[in-house]
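To keep things clear, I will list the structure first and then write my remarks on it.
Per-chain numbering from 1; labels A, B, C and D assigned in written order.
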């Protein structure tokens, strides 16, 4: 049921966390992952080290399900990295959980990755041609294979040479027996931040992880930067020629937590401005404005503030919705909607309402919710979406629609989409209105999902080669 | 960590659900309990029957943890009752989970109870004097013992005679091989509603359970009413002389879900009016008004609407906070606060803010949150509470403070409490303001926790008799 | 698969253990039950106390499955009782696990029982007539109800008065906050022994439990004896007029462990003498004698010693057979036989063999094994059974055939049974040969299953009253 | 406790099983592993395929713990391989469970291995020098890396070239999407047999696995043979020059199940002849001869038959000893002995006894048991061991002593060892007596653990390279 509803939502992807120099590193990594749980709920893993030995634990499920006290107590050491992810279906899902761990020349290398490597299949074919054996179908496994021949020259040299071959989006944390490494691709597609905790260092996909563990934000890991942390301190390396950044604007619109700062911007404030700009573009005659909680909350607040139309929380979220494996029986109609959100009928009956959504991908979830609102006697239902129509798939780590289609790619006009969902009217924020809300230069962003302008060519379709489980890490 | 923070909140207590005439009764009961999960998270249980056999399953934990598909498939039958509860610590906690099931004269009696029987100990002593053997320390077990001698006269007679001896708050659902019974005490302390689903009948503590399973609300079970449901239909019995109702006003203020109607009133609307009345009583000079999510949301909305002060959601809730058994290490400061709620620093920095709370019982949770806000650079913090100070304990089923004290019972003036919590100023809603918001006659409510006027005498302290685990069912 | 084969074997029933005066009482009880595991594998439970509080844990499965370190650490106290049992199918099996625990007049009473109360249903009806409420369908629950009215006169008086009403087989251990009680019925159907451990006391169904925990055997609890153990020491009470003992001879033949002494006799030595007497009665012309391991081992040794025919272990037991829930596919023939016992073909091919069995109840297990031996090319197969034909059911706690029939009750002559099983010839030990092997007076035994002479009348069939789950405790 | 006692026993090592052409292949593999459980109890794994897809499941624990019906139902396909193993402690034990699975050029390769590759570390260093990345620390992972560059020439060629580099003991089963391969090293150190089941093929470490699944033994996989099984049938390849066999004689003496035939010999019969030869070499004056069950049973039978001294089963095995994680308290003395074996005191008291053991490695287990027997009042205790003293470690897959030492390597004379164990006298079977019992040419065996004559040079100690978890597969 959880899945039934959420499968239609865009899937981020992954979250990574690293800590160096904390006597209880795995525990800190656990809480770091806990704060990043929204970035991936299908598996969780932590690898820790103490300068000499390496330990790991991975499992399917939420961080709090995978890690119990007895598991955590078997992950000693003062450095650790962790990962949460959305897995994809396939033969052997656990083998794709991260961090993955390899052995080479008496050293361990653990790697956790957020993003997607565009030329992974081509590199893999090339490596296999030379005799490489892969343990997983993850795109990031190519990186360690590319490194291996150069490790004699040192980890810095090996990583630089390996990454020079790799194209795509990657925010990576790595661990060896005594080092933590943080890496961000030259375009900086995905966020990655550096923090400090009690004299040690922390790295996280989002700053909300620092808040939870009590770390202080220092700065972002820069696009194209490799940071090596060991006993001698923190060393930064920027081996690649600088290129124009291509930050994923969808992180600010949808994925990241509102209490995080990503790409130097506070997510909550950006979303309120998205709502404000929506109000400037579109103002139907309604009695109240409300979000579909919780992702639409902040744009709805911005809209209400700008428009002076009352803000209400007309659908109530069941806070215990999580992992119920019981299937409802046939007779319980519209179940998928109600288990998560239940409308407050006396508030909505006979009203004209405006719903603020942060994204409409397939449209089916919205359609179910709108039908449920109609049953409560809502008179008019309008919808404003705090971003433009999503018309193109993302090769850099976001899975917009597992099995479905992008409704905006199919239906050209807002009126068509509104009809499909069952709305009286509908409006998507303009690209200009979206960029204006970010208060950053528009060409620092990747807007490919809206305008098809891919900063890096997406991967070709391969002919005979069929990598079953190719994951969005 | 879940507990660390929430233990200081008032504990409801229990939720009950019953279904008659559904081919998948236990499944419907599961979803009914799922919707009532906020009323008790420590144990869950379902008893089902098919006219001949009886099955049961109970366990510690959330409904979705206790019931998996394999468990549910072993609960056949077309009638079922269920229960969620807060347990109290004690020797053998599982034996206090409900529904509890007894055997007598070739019949089964399962009973699930929300409320607290005031004269349970006296009745128990009397029954034991006559040789009764108890299987639990639950107050409601006395009811079946009181019934037993009269069962030969029929269940209606036996229940009537038994309940004539019982004083207190009880909203009860019972099940036999082929009957479901719903009972509400003469004062109607706790809510209990009747619904219909596909030609069968449903009973629930709150109407939000009907919404989830697709049942339609019919009416409340009346104070003092016994409803018997079997193959011949629904029979209502009102054997007791009518008395003045004493609905628990705290259900509307705090416990019930905002999308429920209880005592004939919509909870969301009542809470908005509480906030509106707060704004009429207290208006500090602030930049924004915000709730501690989620329970303060609706009063905050009402306050903002009345006062025209901007409403913000300045603390972000981690939706994956549930059951993490990992303890944070010492170095992570203020952990208890942040794991659940994290402030949006850029929004709050240097601002004067008003927080709306729905209750302040011990004050320690608020104090931690306020300290965390101060660390973010909030300039002034004021607080308005959407009910009067809670000064008296509740003998009718609410556990205000397990181990702590009622701060308002200790500290006489708002200024003292504000100082304890670290606020610049503070205001509790007046009793008049509270009652006005309900749009019901004030003397239909039990206000004992505010004014000490107990509709029924609370139980005496017993001397030698020490019932260890005496639960608030 | 475990069950498929073993369901046809006679089912003991239960094992009980008690310990008083050990600082780690529950742990000792755990190991005591571990040694008694052969007496019941379906559920296990321990109740402990420290003079003031009482704790319990029960679960379905083997002792080592039910009790893990974290569970055991929550059972403190210096006195404990425990129970292992075969459960019967029914509505709510866990509620029939023992020890069961009741509360009465501020005291706890936990009770664990081995045996069967013959007049339980009659007593139950009588008690229910007076208003008693039962928590289980166990026969032994009547005892606590019978006690309750007399508890004011003290536990000794109450127990004496209650047991005066009870007829049947009962070896019982009880626990209160600060006492352990051991009880054996006047006929001493089931064994119960008293031991001492480090200045404290232990009670067990068999002496092998004393060996495992390092306790020393003191004496048997006498038929009709009640032993009370508390801070003031051990008090013995024999309130009933002495009657002729009726020890269950099947304990020595089949149930008890060979390293135990029961009824004052060593089980291993008795079984060897049974085999010796078999050899004196029946001597087919064979090449070797072998048991079906392990229960036939000792009689086979006695037979070989007396007859000078070589002893072989021609079927090998898989020691990992325990709890496999995987069902074999259709194509694997004779699976039930081989998974537990696999023949050593080169040893048996073309041989004439004599198999020694300790009991043949339904004959189906033997038939499968004999067929498998034929497939290996065994030329002649004869069988000697170390007891007489079992012709009558047991009302005192042994479940000879859950769903099947007693083959010896159906088929009059050995030749008929041999033909059913597929044997060349067959012989049952005579009643005289059996009694002679015990080296005790024959009339100290209950021989009802062999000769139908019931020492106590078996319970009548009740008409309308249908106690679904009536267990053999 | 299970471990406490058994850790001192020699550790086999591993068992492998494969099935091709059965519609329920994983289920058959499950039961095959179940029969081979004695060869490894720490982890179990199955990989299955259907010609196109590949599935796997591995876990720590017994086969019956790792595989439940829900797991097995997710392993479809008509070919499967499986593995049970003793793991060694290390960083990440699950990652060393087998079969391990790799991906290369759009094909999967799963491999399960019994034995030990002598030059694994040298090969690994060489491969890593060329850039190979390893997923585990298992010796057999080198085989797939050695194969990879040649896979373009076909699997036969690639395996032949890879195995030409490999030295040591290996009985291997492999699986691809549509093939099963069985491989045995040129010396045939470990057993591996071929069987047929319903028109398909089975491969197993021991023939007892065929008995359980209903397969028929066809022949042994020959030393140096590679067998490829696919849709076109069974193809045999013998690419290596023949060398003298070196069968592990300890398989017949100790490891293999008595109902198996290995190296063409029945294990039960060999062990009886070992006992017979013992009786010809050593005949102390005793009242009875007994084994420590169960491994000494068969030699003890042979000894008794030859010597005419009565055979007894003086120590009783607890059949429920398996996995108890509860630690006994200090007060329970000699616990480790009694939990598994309990002496039958009345049988042994005041007797002179001879114990038959199949191996004495460290001597500590025997010493505990002998002390326990002395406490029972045994007068004289002699011991005969059905093999010569184990004086040399095994580099081919047997782990004689995890942390301890070989007592026979330390103490030169039998008298010294007898004194250590607490015996009155002791005798080890001579090498001649051992070989004679096998009824095979003595120089077909590896006798290195007895005489130090290693058929292949054992691996050198590596200097800086320290492969932490180097497993005996």
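Criterion: contacts are C-beta pairs under 8 Å (C-beta built on N, C-alpha and C of every residue); 3 or more make two chains touch, one makes a residue touch a chain.
Quick caveat: nothing in here was measured; it's all calculated off a predicted structure.
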Chains touching chain B and chain C alike, please list them. none
Enumerate, in label order, the chains that touch chain C and chain D alike. none
Tell me, please, which chain's centre (mean of its C-alpha atoms) is farthest from the centre of chain C? A
Where the centres are mean C-alpha positions, what is the separation of chain A from chain C, in Å? 60
Per the C-alpha means, the centres of chain A and chain B lie apart by a whole-Å value of 37
Between chain A and chain D, what distance separates the C-alpha centroids? Give it in angstrom. 48
Can you tell me which positions in chain C touch chain D when the two form their complex? 22, 24, 27-28, 30-31, 34-35, 37-38, 41, 62-64, 67-69, 72, 197-198, 208, 211-214, 257-259, 261, 266, 268-269, 294, 297-298, 301, 304-305, 310-313, 316-320, 322-329, 331-335, 338-339, 342-347
Within the complex, which stretch of chain A touches chain D? 53-56, 91-92, 95, 101-106, 108, 125, 128-137, 144-145, 148-149, 464-468
